[in-house]
Amino acid sequence: MEYVLIIISAIFVNNVILAKFLGVCPFFGVSKKVETALGMGGAVVFVMTIATIVTYLIQKYILDKFGIQYMQTITFILIIASLVQLVEIILKKMSPSLYQALGIFLPLITTNCAVLGVAILAVSTDGFGLMESTVYAIASAIGFGLALTIFAGIREQLDMMDVPEGMKGVPIAFVTAGILALAFMGFSGIA
Amino acid sequence: MNKLFVSPSPHVYGKQSVKGLMYGVLIALIPTMLVSIYFFGMGALIVTLSSVLSAVAFEYLITRFILKSESTIMDGSAALTGLLLAFNVPSNLPLWIILIGSFVAIAVSKMSFGGLGNNIFNPALVGRVFLLISFPVQMTSWPKPIAITEKMLPYLDAETGATPLALVKEGVRNGVKLSEIQGIPSNMDMFIGNMGGSLGEVAAIALILGLVYMLVRKIITWHIPVSILGTIAIFSGLMHLGNPDKFTDPVFNMLTGGVLLGAIFMATDYVTSPMSTKGMLIYGVSIGVLTVVIRAFGAFPEGVSFAILIMNAFVPLINMYSKPKRFGEKQKK
Amino acid sequence: MNENEVIIATIITISSIGILAAVILYWASQKFKVIEDPRIDEVDEALPAANCGGCGYAGCRNFAEACVKDGIDDLFCPVGGNETMQAVAKVLGLTASEKEREIAVVRCSGSPTHRPRTNAYDGAENCTIVASLYSGETGCQYGCLGLGECVEVCNFDAIHMNPITNLPEVTEDNCTGCNACVAICPKDIIELRPIGKKSRKIYVSCINEDKGGAAKKACAVACIGCSKCFKVCAFEAITMNNFLAYIDPNACKLCRKCVDVCPTGAIHELNFPPRKAKPATAGGTTAVKKAVAKKAEPKEGINLIETAKKAAEKKGTDSKEEKKDNDNKES
Amino acid sequence: MAAKKESTFINMVVVLLIVSTVAATTLAFVYQATKGPIEQAKLKKQKNAIKKVVADFDNNPIAENFKVAIAEGDTLECYPAKKGDKLVGLAVKTYTKKGFSGKIWLMVGYNPDGSINNISVLEHKETPGLGDKMEKAKSDWSNKFNGLIPEFKGDEPVNIKVTKDGGVIDAITATTISSRAFCDAVNRSFIAFKNSQK
Amino acid sequence: MSKVNIFTRGFFKENAVFVMLLGLCPALGTTTSAINGLAMGLATTFVLIMSNIVVSLIKSQIPDKVRIPAYIVVIASFVTVVELTMKAYLPELFAVLGLFIPLIVVNCLILGRAEAFASKNNVFDSILDGLGMGLGFAMALTILGAVREVLGSGSIFDIPLYEGDGALVFVLAPGAFIALGYLIAILNKLTKKTA
Amino acid sequence: MQEPEQIEHQGIIKKIDGNEIDISIVSIAACASCSAKGVCSASDVEEKIVQVKTENAADYDVNETVDIYYKQSLGFRALFLGYLLPFLIVMATLITIMVITGSEGTAGLVSLLTLVPYYLVLHFTKDKLKETFSFSIKKSYPKLSTMTNINFS
Amino acid sequence: MLKTFSKGGIHPPENKLTANKQIEMLALPKTVVVPVAQHIGAPAKIIVKRGDMVKAGQIIAESGGFISANIHSPVSGKVTKFDKIIDTSGYKKDTVIIEVEGDEWVDTIDKSDTLIKEISLSPEEIVKRVNDSGVVGLGGATFPSYVKLMVPKGKKADVLILNGVECEPYLTSDHRLMLEKGEEMLVGVKIIMKAINVNKAIIGIENNKKDAIEHLTTLCQGYDGITVVPLKVKYPQGGEKQLIKATINREIPSGALPIEVGAVVQNVGTAFAVYEAVQKNKPLFERVITITGKSLKNPSNFLVRVGTATSNLIEAAGGLPEDTGKIISGGPMMGKALLNDQSPVTKGTSGILIMPEVESQRRKMLPCIRCAKCVSVCPMGLEPFLLMTYSVKKEYEREEKERVMDCIECGSCSYVCPSDRPLLDYIRLGKSEIGKIIRSRKA
């Protein structure tokens, strides 16, 4: 039950983008095609989970152990930045064709607020052990993917519509995101 | 001979027009309007009028001064948005809040997207939810209905009470058994609209009358309302069977909290609902499920508004992935 | 833990993580060498970013890539023109060959007064749709349909419908010669022509290939294929084909003899200084044109001539009606 | 662009090593420098909270804090406020999990007779504009508790409950959940107070 | 480019939030009130200036391929400095801004300026640039915060403007998006007119 | 259901060798639409070479812009193999070891280490995967208009 | 329940004003103008010279290719001119102009009315005769009929479907033909059956022609394998894909021909023309045309020679009403609006509809309200609103993926749209642009 609550909360109630404002830049950047958004979501699940596991271990076995929690920011960012690159390199080395297929399909994953933010949140939430942190990361990533996909759908439709000149582009995207967040408030209180 | 007209085929056209459809829905809402005046008196009248007029006025002002385009107020959609917004708020809502609501509905949710046909989210519902979250106090104090034959209910200072759903939510939260919760109106009262609530959501019978009218005039098809109501009935029925102390029965669920208003008039909004019948069914079922989930587990006692808005967001995806079956498409592989 | 230990722990951790990161990122940068030529960016910078496709590439960036890869001998950005090409050449260390600027001219002068309507079109307002349905609202099956698809596709605000003549007019200063309007016009009415000395141009403003009688019947200012201009041209700049004259802009020496002899006024001159008043020898319309040309600002050439012509012939009650029609259409 | 330095494996590692080391060292010193103030800031915050909720004192309640068990595995921290040697009040740091979103931490100050002197909110995540009205800065709602002595019937609180549930506290408008949670935390603190008397 | 230009473009022409759409997370997440927005903006400005200085100082010593990790280390260090300082001297504010302080490190604005400007220009220009960009960012956050505070809480810089609560949404997530959307629209309109 | 959806990507032909065509594609970072990408090399644009086999290689020229495409399901398969499967393996190991040993450190470490054999397996099935992930090529569709994408400037 | 197709469809007011009007012979005009392109495919090549005297039924232009058809002189008289005349599309097309002198037919034609049931020709001979006689599909598409009679190798037809649906409002020419020439038509059916080697034929007729259904059902008893299937009234049931679905419940796959599902569809008029060609050796130079319109004095069904000016028909039907706003060749759903009343009727003209001015003008287009009515009426399961948007935005690649090429241009979507959007106009635009792209891709 505990886990169910973490999952529901991270996906719907406290959606990383719509409620927590993490990863807003890619939210507006990648959300132009639905397939890409879906694929992005899948990739982010992997990256966020691995990043959270690694940072969790670092926090617990290095930072906490040596009492240097204040180095959290600098350590995490370095670790995450290298990790993302490492995954790509390994994939390229190990299976070039797979790597190519993904290259056509997905944009590169960059470190952003979402990955770092979720990692920090996971290690700093009271009572989160490794399992809870991991589940939280997965759910957050799914929430990210969900919001991204919905938004991509809306954007594809908006492209076909006659949005007034002044609102075209960025402004209407923000307003849409706002109303989407408004709708998602309906989930509040669940969990 | 006069100059002949030349145009590509076809050369004849059906009778339905945008105006006709919108006014049709307005007509379908008349019974509900009457019942709400019967039970909520002055308030119902004032709230409705100010909402409709302000919605139309905002649309006029925006087309005229900001977009500098032709005015579109005559097509009836702004009036309809205003009316539905009014039906979604308590009858003692202060005027300034109504104005904000209709401004959000028209300016933010409709005209910013390009006006009729371009919006992603149901304007009236965006207006309503915006108000609900912005002004929770005013939006959740409901006047107690009094039949107009007894006494004309005044506008602002009527005695207030809770909606059946709020009572249930409150009770369940406190661990009271459903059967022991006080003050829930009888099914009959709920059916004719004798209960607290937004002024247009209470009268089941009038809403159903509207549904029949719209079906007969082919304004809407059955898919969305029926799938929503069916899902709510089945889903809440199952939960009720599982735990009758905690979860309300299907009839109660259908008659309260604007389910009928939502399913018949708001989820069916053309602009914000899917295009294929398959899509409509997916949309309807999802709204049903979300409604029950939000009601049973969420912070809000009623869930239809949110469920519809959330599904509005999914409509482009639904449209993308539930295309109508093409003629000549291979049957199952 | 005492303070020194904390400091040491910090330094050790961060340094080792730093080195780890260095190794990984070094490796990464080795693997993903960005092969993209930095000059592409620079060329891209130099381009107008109109992404209009006038150069034949999908967008400015593709054009930049092409420039970097293939050199710029066969490439030209019509929007930026020679200046841009010079700038690009500079980035690449090449020299750009000068190319004369081209702009669009509309080869139809069948305003409603010259070309009576024979029927009323009432379908979707889109030239291509009309063209695929039928010949149009007038007796001339070649002429402009007047629904302004060319106006819609112009990214540079260079072409507009004149509500009186119901014909598109090119604002020469804005036109970049991007070819968009030429490509979209279903009737092939618009042609890109070299801008000419001092922007002066002479061209046949008609593409009607019918025999003289039929052409004249459909439109008073049509080229009727009488060959007078052909005969009068001393530079062999004019060719006759299918009862239609065409003036080769490269051979034309802008002597304007042909303009004078054209009986229907189908040959237009653009941006010439007003002529000395001469007794009107040619047809009525030409006389009008000359008279007006005096007053006309050179740049606005044809537009004003047309408008004024219109004014001169304003007896026709039609004009007001037409205008109203146009207004309706545009709203 | 400024002349780029040639990249070789060695110089890269060296440079990064240096950068990291310098950064780490600097930070370590900044940390040392701020460590004290951070601790103090924390202390001050707690002290202020205690000061707000109990009568004047001249001891160091934080140093004298003790833990009181209120249920199996559940303890609260108490800070006795003394003037001279006389106990003038007890501040109890209490919490509840029943908030609208997450835990709410309160500091409840008791007079020696068990009546509530004052309450301050330490931490909460309630909705701005709704639940956050429990903060003194936002509204004086929490003053309603001052002077009350929580009563119990068995495990059931009697008076410190929202009126809807039969208690004496008017909930913050439209915020029953937070109000209820607040009461829950207060009642919990009272158990600690009582147990501390034993 | 003139010095004045280096300094001012961050305010309008290349405003990080309104024009370049950088650093959106803090721009939305911390602007529940004008003062919070301002604080976040200033914290970012500090990091931006300091990292610009350091980067422009060490630029010629850094091998090309590790410049990104090196910059990240520099930036992260300053972020930590801010973090520690705030914890020590402004604990209340730190509690409000919370997560977004460490996230300054991934704000593209900072890395972007380091890359695009500081690594190519001298110290003085880099300071100007950081100051301009940072204050522009702070200004944007303050404006957004002010709008949300006025509409949502009925006050500005904690000074009450009218009775009552205002439209709560603006303090919550949806209001942030909507307010920023319209602000950008209005700004677009204004700049277009003057242009 | 519908016609198989395709994933497409534009690329430029680099080399034609018999019926094998090397196409360079540019993969952009997630923050691609960010207006600062020009100044932000953290989000480097990346060039990847993709090999395509085609019967009618003769129709194409070096430097021509073409579309590479493959079935959407293939894209999701790649996603699955590249990210989701390793993710599932990590999670499975994590949960198993947590349950057995209860030690977070071991569980975390071992689960991360399972990625090593996973990638090795990928390595050994390289050729098979290559067969699966074969792309097709077609001439670029004339782009008559560019979509009105969000314009970040 | 009557049979019908399963998806979409509309029911516009039928307005069959001429359902009870017997077919009359239209008096011969003074001159006829015979276009050489009266069919789908290559135009025919003129083989007469100016000044030649021709007889009715004499071949004046020869088929110009595999998909093309011979053209015969519809009258006797003198070839006075070859000219380019504005046709229904307003563009000038080659025509042969013949001055009428008397009414002398080519000798080989059997002018008698006697019914000849015996089918003496072999399938190959039938196909040849049909080709020689210039028979084209009279259902509207004017596809050379002989092509359809040659079942391609590897394909097998098992049923012939006769299209007597006449789902277009106003038109009644097929209806009258079935009533008055039922016997002949059935023989024609038999001939086609023999040519394509099937022993089953179905005549699909909508239920608003009860008399024709009854009449043919009775007659069918004398003809093995032919049955009449009454169909629910629903436009566009006459579309061959819909008709096949309605009658034998088979769906032609996207882009395929009826033969893919073993069916061949012919219009009832075509069957009659085949009868005349094969049994009477009479080439196709006249056909039944409905001239109708609400304000027309005397709406009628005429037997008209090809090349007769539209104005002649209108005169015979009581003259052009004052309030005329549109003259349509064909029905109101699929017909073509004419520029003037001078264009000649052709083999493909099934009716002339005069529309009053008030009904002729389109209403103003409004934004799409996404009501999905167009989606629900599209018999092909397409999403017209989306296709139109793609056309407007020139997103042809996506439009193609949405199967725009499947559109049968029935116009149901434009008919039903409450926003009066010119859906079909733009869909046609998309189809033609995409057609170009597809062809260039193949090239």
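Each chain gets a letter, A, B, C, D, E, F and G, in the order it is written, and its residues are counted from 1.
Definition applied: a residue touches a chain if its C-beta (ideal position, glycine included) is under 8 Å from a C-beta of that chain, and two chains touch if they have at least 3 such contacts.
A quick note: this is a predicted structure, and the numbers were derived from the prediction, not measured.
More inter-chain C-beta contacts link the pair B-G than the other of B-G and B-D.
Greatest centre-to-centre distance from chain D is found for G, with centres as Cα means.
Using the average of C-alpha coordinates as each chain's centre, G ends up farthest from chain A. Put simply, the C-alpha centre of chain A and that of chain F have 19 angstrom between them. Between chain A and chain D the centroid-to-centroid distance comes to 31 Å (mean Cα coordinates, whole Å).
A separation of 52 Å divides the Cα centre of chain B from that of chain C. Work out the mean CA point of chain B and of chain F, and you get 44 Å between them.
Looking at chain E, residues 21-22, 65-66, 68-69, 73, 76-77, 80, 84, 108, 165-166, 168-169, 172, 174, 178 sit in touch with two or more other chains. Shown for chain D are the residues that touch two or more other chains, namely 7, 12, 16, 19-20, 23-24, 27, 31, 100, 130. The set of chain B residues that touch two or more partner chains comprises 4-8, 108, 114, 117-118, 130, 133, 136, 299, 323, 326, 329. The touching residues of chain D, counted against chain E in their complex, run 1-8, 11-12, 15-16, 19-20, 23, 26-27, 30-31, 34, 36-38, 40-42, 45, 123, 127-130. By the touch criterion stated above, chain A contacts chain F in their complex at residues 25-26, 28-30, 32, 35, 38-40, 42-43, 45-47, 49-50, 53-54, 56-57, 60-61, 90-91, 93-112, 129-131, 134, 138, 155, 159, 168-170, 173.
Chain A contributes residues 62-63, 66-68, 71, 74-75, 78-79, 81-82, 85-86, 88-89, 92-93 to its touches with chain C in the complex. Residue ranges of chain D in contact with chain B, taken from their complex: 100, 130, 164-165, 173-174, 176-177. For chain B in complex with chain C, the residues that touch the partner chain are 3-8, 70.
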